[in-house]
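The structure that follows is given in the form of structure tokens.
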Amino acid sequence: MLGFACIFLLPFYWMAISAFKNNAEIFANPVQWFPNPFRWENLAALVSRDDFPFLRQFGNSVFYAGSVALAVCFSCSLAAYSFGCLRWRARNLVFGLTVCALLLPSVVTFLPIYMGWTRLGLNGTYWPLIAPFLLGDAFYIFMLRQFFLGVPRELMDAARLDGASEFRIWWQIVLPQVRTPLVIVGLFAIVYTWNEFFGPLIYLQDREKFPLSLGLFTFRAARAQEWSISMMGALFTALPMVVLFLLTQRLFQRGLSSTGLK
Amino acid sequence: MGAVQLTGVRKLFGAMEVIKGIDLTVQDGELVVFVGPSGCGKSTLLRMIAGLEDVDYGVVSIAGVDVTELAPARRGVAMVFQNYALYPHMSAYDNLAYGLRRTGLGRAEVEARVQETAALLQITELLPRRPKAMSGGQRQRVAIGRAIVRKPEVFLFDEPLSNLDAALRVEMRSQIARLHHELKATMIFVTHDQVEAMTLADRIVVLNAGRVEQIGTPREVYHSPANLFVAGFIGSPAMNLLPARVGADGRLILASGAALDWPPGGLAEGQNLTLALRPDRLALGSGDQADATGKVTLAEHLGDETILHLRLGDGPGLTMKLPGDVPVRVGDAVPVSFDLSGACLFGADGLAVRTRQP
Amino acid sequence: MPVGPTTVGAAMPRRKRRAGQGEARAGVLFALPWMLGLTIFTAIPLLLTFFIAQSKFQITGPPKWVGMQNYEAIFADPAFWTSAGNTFMFAVISVPLKLVLALGLALLLNRVTALSGFYRTVFYLPFLMPAVAGSIVFILLLNPSAGPVNLMLEGMGLHPPDWLRDPRAALWTLILLNLWPLGVETLVFLGGLQNIPKDVSEAADLDSPKGWHKLVWITIPLITPMILFNLVIGIIYSFQIFAQALVIGGTTGKPAEATLMYMVVLYRLAFRYFNMGQAAAMAVVLFLVVLLLTLLIFRTARSWVYYEGDSR
């Protein structure tokens, strides 16, 4: 068991140590299991390269992931509240459609959307990547709804009797009950968006605007042989998410178990 | 303070009718209890009065105003929920103040009302606390406070005592009775516990499967049940229901052959009826004076009284409630004499035919 | 004081405006942004893709209806068939493999009590890795001469292939890369396993003569909903694999098109050759295939999946 875990961690470990070696050492045979010397200068090289605006792209990733997470938390909590707490005629129908959208391969929708954004002249900006989440996303709505279902109906009835408007009930009574699930959904959104590749690939052209996932790719496409830098870049693309996860583990697991139980 | 009137109220869930045409009036200042087995629709009916469930047919009016289509907050009702439904993230003070603030009351006025209500219920020290930090009974009082503070026309209670332990339940029952007396408020109370119903109510509405079985004071419902259902539901242990036939001489003949005297008048010979007797109307007969003999199947010794379950031949079972401690064991043959004062007769359709006054 | 008609029952009209209407209206309003989103970003594009697939489309000019021409073109394109075959092979191999591995892992994790938190963290971690970063690392790892994987395999006396240059092995590189992030599936299975009531499990222990009986006849059937879930998600995802394929094989699927995946060809058509029509045609074909598979799975699901009663 422990052995298996080690195998699992191997890629991480390899990435980490390669980041601190130079090219020759990476390919050394026999394998060098620990960098010697520990080349901290690789880190400096990473952030100061002209053809890899690392810090800027890091910032872009933060902006991208953060915006999407905020948008998702807001828009999806509206929809999830409607599906999970309110009773209206077409509710089950629309939710059924939402589940269908969940299962829909995105391949079949991205082309017209791309052409639409291009016609609007917004190709090349972050708008196509963030705007859809201002209206919602099937996955997060599904996840959030599970939690909204758990809010006791009595609570909302009491507020209705007290004279609160439906919006106020959402804002003042129900949302405070789902604070943690909202954070969970936000975390998921951050991780998924941080690692998002396809969207940025097709919509962004200016390297200065790339998020890290894309930036790493283009760097490697151009400079395949500069392994140390690539590894260092990969390390710092993955690291923030790893750290985030380690800090919030239990939340992630709660989020996953709420969806897996179908 | 207002009266509540329901006229022809019906409700359907899809094709199923859950409330089947209810007419009733709650007088100003009355405490009416809706009681019935689970699933009879009492909570649904209450929620329809509150506006939390839709009315499909009929009219609900409160204090003379037709509120059937009004939103819950505009009906002048306040409700105490079974699970208290206190806003968990707010202090007791804020819980009480919430509804008031929604109606645009000023800060001073809100403060005054909240303090007044808190004093009445003795929860002033609880005001800064959150529901988490309170016991069940305390939460219950805050929930009641939330209702009182809004000075509604009608108070609605949805099984508020079900979640409390027995001792607390008794205490809260007397608190509610006291409140009713002090506030002189119109209250509608829903419960499945008929002891609560009997002790609290000015009048009881017995419900079954979406219909009203009987409306009356506790005494009326107890002594003069309108039909077999009410007879079997009110009273613990339940009333004994014995099939009987009217004999040639106007006497009642039970399945076991025993013949009982019944005051003459109105009973046709050969009529098939059900005789209903309360368990405390059966006594240990002495030898030849007994009306029947039964074999004991279960004896419950409660200290100040004994409850015996008997079987008459292979006929129906009987429950007897005897005072004191009766030294009887399972399997013993016991002579039973019937005291027919207060007994009721029900026709084949289940409706009351005759009732003897106790 | 009396109000309203005093007639009872059917003589009264059914109420149209109800007290609950506020809630119903709110329900619609709250869901409105999402319904808008569904329409704009899912429903309409779905239909449009079908439409585009039947036209010749340069981004700048107006579309021209060409009927089935695009479909004919892609069916005639060898790259289409190669990539379709590769993708299909990839999906068919990696999805079941992943399910089995994840299930095994979940079973093991369910037993282990010491360090279970640690293990869960470890196994979930790869999922967090961006696809691109992961792929690059794997390239290094699998380097034939200096990568630790090969060196270890050689050390064990095995003859490891040249992962990245041997066309026959290259696909396995992708498969391995995709097997690595087991975390989600494992956790879903773990959740399912832990949902089995303890007394059911103990009853099965009493009833099962051989250890694996319990596994096959009791445990696995009880987690079939999770299997279904992972299966469907796995299929939908694996047929659309892109980022990893792009990193490992570039836009030509080197070596020798062994790693050329369907989505890469699609991407090429749309963004290198600007042939929207054919790209859309490919999208439609993929959609139909995945849809068919998914429906098939759901159809058969009724017979092999254990349902406990939906809360929906």
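Residue numbering begins at 1 within each chain, and the chains themselves are lettered A, B and C in the order written.
To be clear about the criterion, contacts are C-beta pairs under 8 Å (C-beta built on N, C-alpha and C of every residue); 3 or more make two chains touch, one makes a residue touch a chain.
Small disclaimer: the values here were computed from a predicted structure and weren't measured.
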Checklist entry - So how do the chains connect up here, line, ring, star, complete, or something else (other)? => result complete
Item to check | Selected pair, greater C-beta contact count between A-B and A-C | outcome: A-C
Checklist entry - How big is the gap, in whole Å, between where the Cα atoms of chain A centre and where those of chain B centre? => result 56
Checklist outcome for this item: dist(centroid_CA(chain A), centroid_CA(chain C)) in Å evaluates to 17
Checklist outcome for this item: So chain B residues touching two or more other chains come to 51-52, 71-72
Checklist entry - What are the residue numbers in chain C that touch two or more other chains? => result 20, 22
Checklist entry - What residues in chain A touch two or more of the other chains? => result 160
Next on the checklist: If we count contacts the way the header does, which residues on chain C are in touch with chain A in the complex?
Outcome noted: 20, 22-31, 33-38, 40-42, 44-46, 48-49, 52, 57, 59, 105, 108, 112, 117-126, 128-134, 136-138, 140-141, 143, 145-146, 148, 151, 180, 184, 187-188, 191-192, 195, 225-226, 228-229, 232, 236, 239-240, 242-243, 246-247, 250, 263, 266-267, 270-271, 276, 279-280, 283-284, 286-287, 290, 294, 310-312
Checklist entry - What part of chain A is in contact with chain C in the complex they form? => result 1, 4-5, 8-12, 14-15, 18, 26-31, 75-76, 78-79, 81-83, 86-92, 94-95, 97-98, 101, 103-116, 118, 132, 134-138, 141, 149, 160, 166-167, 170, 191, 194-195, 197-198, 202, 212-214, 216-217, 220-221, 227, 230-231, 233-235, 237-238, 241-242, 245-246, 249, 252-253, 256-257, 259-262
Checklist entry - Tell me, which parts of chain B touch chain A in their complex? => result 47, 50-52, 71-74, 77-79, 81-89, 98-99, 102-103, 146, 150
Item to check | In the complex, chain C residues that touch chain B | outcome: 1-10, 12-15, 17-20, 22
Checklist entry - Quick one: in the complex, what on chain A touches chain B? => result 152, 154-155, 157-164, 168, 173, 176-177
